[in-house]
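Chain IDs A, B, C, D and E follow the sequence of writing; residue 1 opens each chain.
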Amino acid sequence: MSIQIHLVGPLGTNITIEVQEEREIFPTLRKYGKSGWSSGDLPAGGVSLPLAMADIFDWSLIGARPYTNADGEQAVMYRGQSYKRRELEEVDTKKLKLPKIVKYSRGARPTDLPHLKEGEDGGVQYITLISFRGGGKVLDAYVDAAKAAGTAG
Amino acid sequence: MSIQIHLVGPLGTNITIEVQEEREIFPTLRKYGKSGWSSGDLPAGGVSLPLAMADIFDWSLIGARPYTNADGEQAVMYRGQSYKRRELEEVDTKKLKLPKIVKYSRGARPTDLPHLKEGEDGGVQYITLISFRGGGKVLDAYVDAAKAAGTAG
Amino acid sequence: MSIQIHLVGPLGTNITIEVQEEREIFPTLRKYGKSGWSSGDLPAGGVSLPLAMADIFDWSLIGARPYTNADGEQAVMYRGQSYKRRELEEVDTKKLKLPKIVKYSRGARPTDLPHLKEGEDGGVQYITLISFRGGGKVLDAYVDAAKAAGTAG
Amino acid sequence: MSIQIHLVGPLGTNITIEVQEEREIFPTLRKYGKSGWSSGDLPAGGVSLPLAMADIFDWSLIGARPYTNADGEQAVMYRGQSYKRRELEEVDTKKLKLPKIVKYSRGARPTDLPHLKEGEDGGVQYITLISFRGGGKVLDAYVDAAKAAGTAG
Amino acid sequence: MSIQIHLVGPLGTNITIEVQEEREIFPTLRKYGKSGWSSGDLPAGGVSLPLAMADIFDWSLIGARPYTNADGEQAVMYRGQSYKRRELEEVDTKKLKLPKIVKYSRGARPTDLPHLKEGEDGGVQYITLISFRGGGKVLDAYVDAAKAAGTAG
């Protein structure tokens, strides 16, 4: 058996890495992800993961790198763009019920593909990378073991 | 002989799996499909299959997962989006003849590609994943054996 | 030497088949084409072949299947869509000279990519799959041997 | 070492040819190009080559075929479309300086991708395949040896 | 282990080169880049690198070639288009703070994809290839050793 993993580098370089076993897929994504290589595109509108993963998701799986910006805000760098962490608290009133959401997003740029931009026409537009919401169960394969240990500690 | 199957994972990851024989294609799609991996894109406007397959189609072939939502409705989860089952009953009047259709669709999102959206401009817009209609014969390769047994029982 | 043929299946599945010799390319396209697999996209606006091939083109090469519809019209099924045969007779007047054309086309759907649609804005729009026109010589590699024998007989 | 060359055929067929050495790339492009296979897409707006190559460029490298049309004009057939040779003579006046250009272009069709069309909105629009201009040096790898011999003779 | 590098040539040719070790990726990009082959697309809006790399970036990694144009300006040729070096000096007033930026850009052409164009609608529009800005650390893998030696000397 042979498995090929298709990757894009920070300069746009397209390569394909061959591994011999299925269990090598995730470690390979992690290894290259630490140098900013990523595989494929996240779904338009951003990927959605369970809220319980907001602090333990392994960003290296998508070639992203978490950091704290100059204003002390949490952010991730993904394909040369910075996405800020935003927390939308639960709303539970008679009129409106919204779950807690942790999302990473950034302001839209003129060179973003039009369909990726969210927000009102003429108003502020943004791009969502990832949303953590809902009670789904934690996907162990996506967890950063070091962070999970820290969270549990 | 060697056959490669190109797959996209839940985080957008692009991989290629090699199998040795043609008869391994469908089992491989099923195996990876159960973890949310899918191969290629369904045709724009959704794929069309015979009505007789509406209850026995094997969703794992396209990386989708059927479930019942909180309102008790049947739905499938496909690439992070939920598509609801809708049944359009046969219409057979003098004015209008429409066959019975079972379709899985969802409301359009701002980040969907424009040409995939159906419905009137300014009105409700939706995306169709799959339609079951017409008297075509059941394609055995696409059938979920367990469900087919259940249906027959 | 090794040659890979890239194919798309009826559910959008992307696979790559390896063959050892160049002369296996067309038989492989035919074999998979009979089950609805096709390779790549026809050029936008449809492919153009010599008029002499209109009745002997081997549709399996592009994963299409000729059939006669409920109204007795000739049509081909290609990637889940039906294209009807239309014959445009030769026009040879002082004002206008048009060659005979046999084309397979269908009405445009909302989910077709905009640039593929032909016809006036606001008027009827259609998609052309293939046009047979002009005196070019028959390409033997594209011929359905059984049909060619029948035509000759 | 192994090198794969990705090709598209006249019916849109996608194949990959494996060769063992770098020096086989161009002969392989030429061999398949003679049957109308081409690799990848020319840059939008057309590729630009030195003027000195206008009569010796090897069209088979891009799967194109030069011919003389019914009106005696020079043209090339590329992916089912005909591009005519146009010569823009040098302009060297006080007001305007333009170098000599030999270009192959065709009128735009409704099914061309919008961004490939040049010319004013509402006016005549066209698609450029290739422009020969400027004093750059001849790239030997792109030359048709037979034509170069004829030109020199 | 085997690694494939996907490249696009000056005529649009698509090839894949196989190397045996990860440390061969960058030398292979450099080797082919010197003949104008490049891998994948730079991010829309251009890639961003640290300011300290403005004079030592190895352009061959992206198949680009630096040169001095007829007006004595520094430029790079990338995929048949010329991008000029522009230096935006630091602005540090009460009203406005902007870091020093060195960028390579060119005027937009009608055949550029719409979302790649920057600048106001109706005004001057341009395409950015690369920006050097900020205090990030030099990425040794991207450095042109000869230039770095010259800069240090």
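A few comments on the model shown:
As a working rule, a contact is a pair of C-beta atoms (placed from the backbone, for glycine too) under 8 Å apart; a residue touches a chain by one contact, two chains touch by 3 or more.
What you see is a predicted model; the values in this text were computed from it and never measured.
Steps from subunit C to subunit E, taking the shortest chain of touch contacts, total 2. Taking each chain's centre as the average of its CA atoms, subunit B and subunit E sit 42 Å apart. Averaging C-alpha coordinates per chain places the centre of subunit C 26 Å away from that of subunit D. Across the assembly, subunit C contributes residues 4, 16 that each touch 2 or more other chains. Shown here, the protein chains touch around one cycle, each chain meeting exactly two partners. Interface of subunit B with subunit C (complex): residues 1-6, 16, 25, 29, 39-45, 47-48, 61-62, 115-118, 142. Touching subunit E in their complex are the following residues of subunit A: 4, 8-19, 79-80, 109-114.
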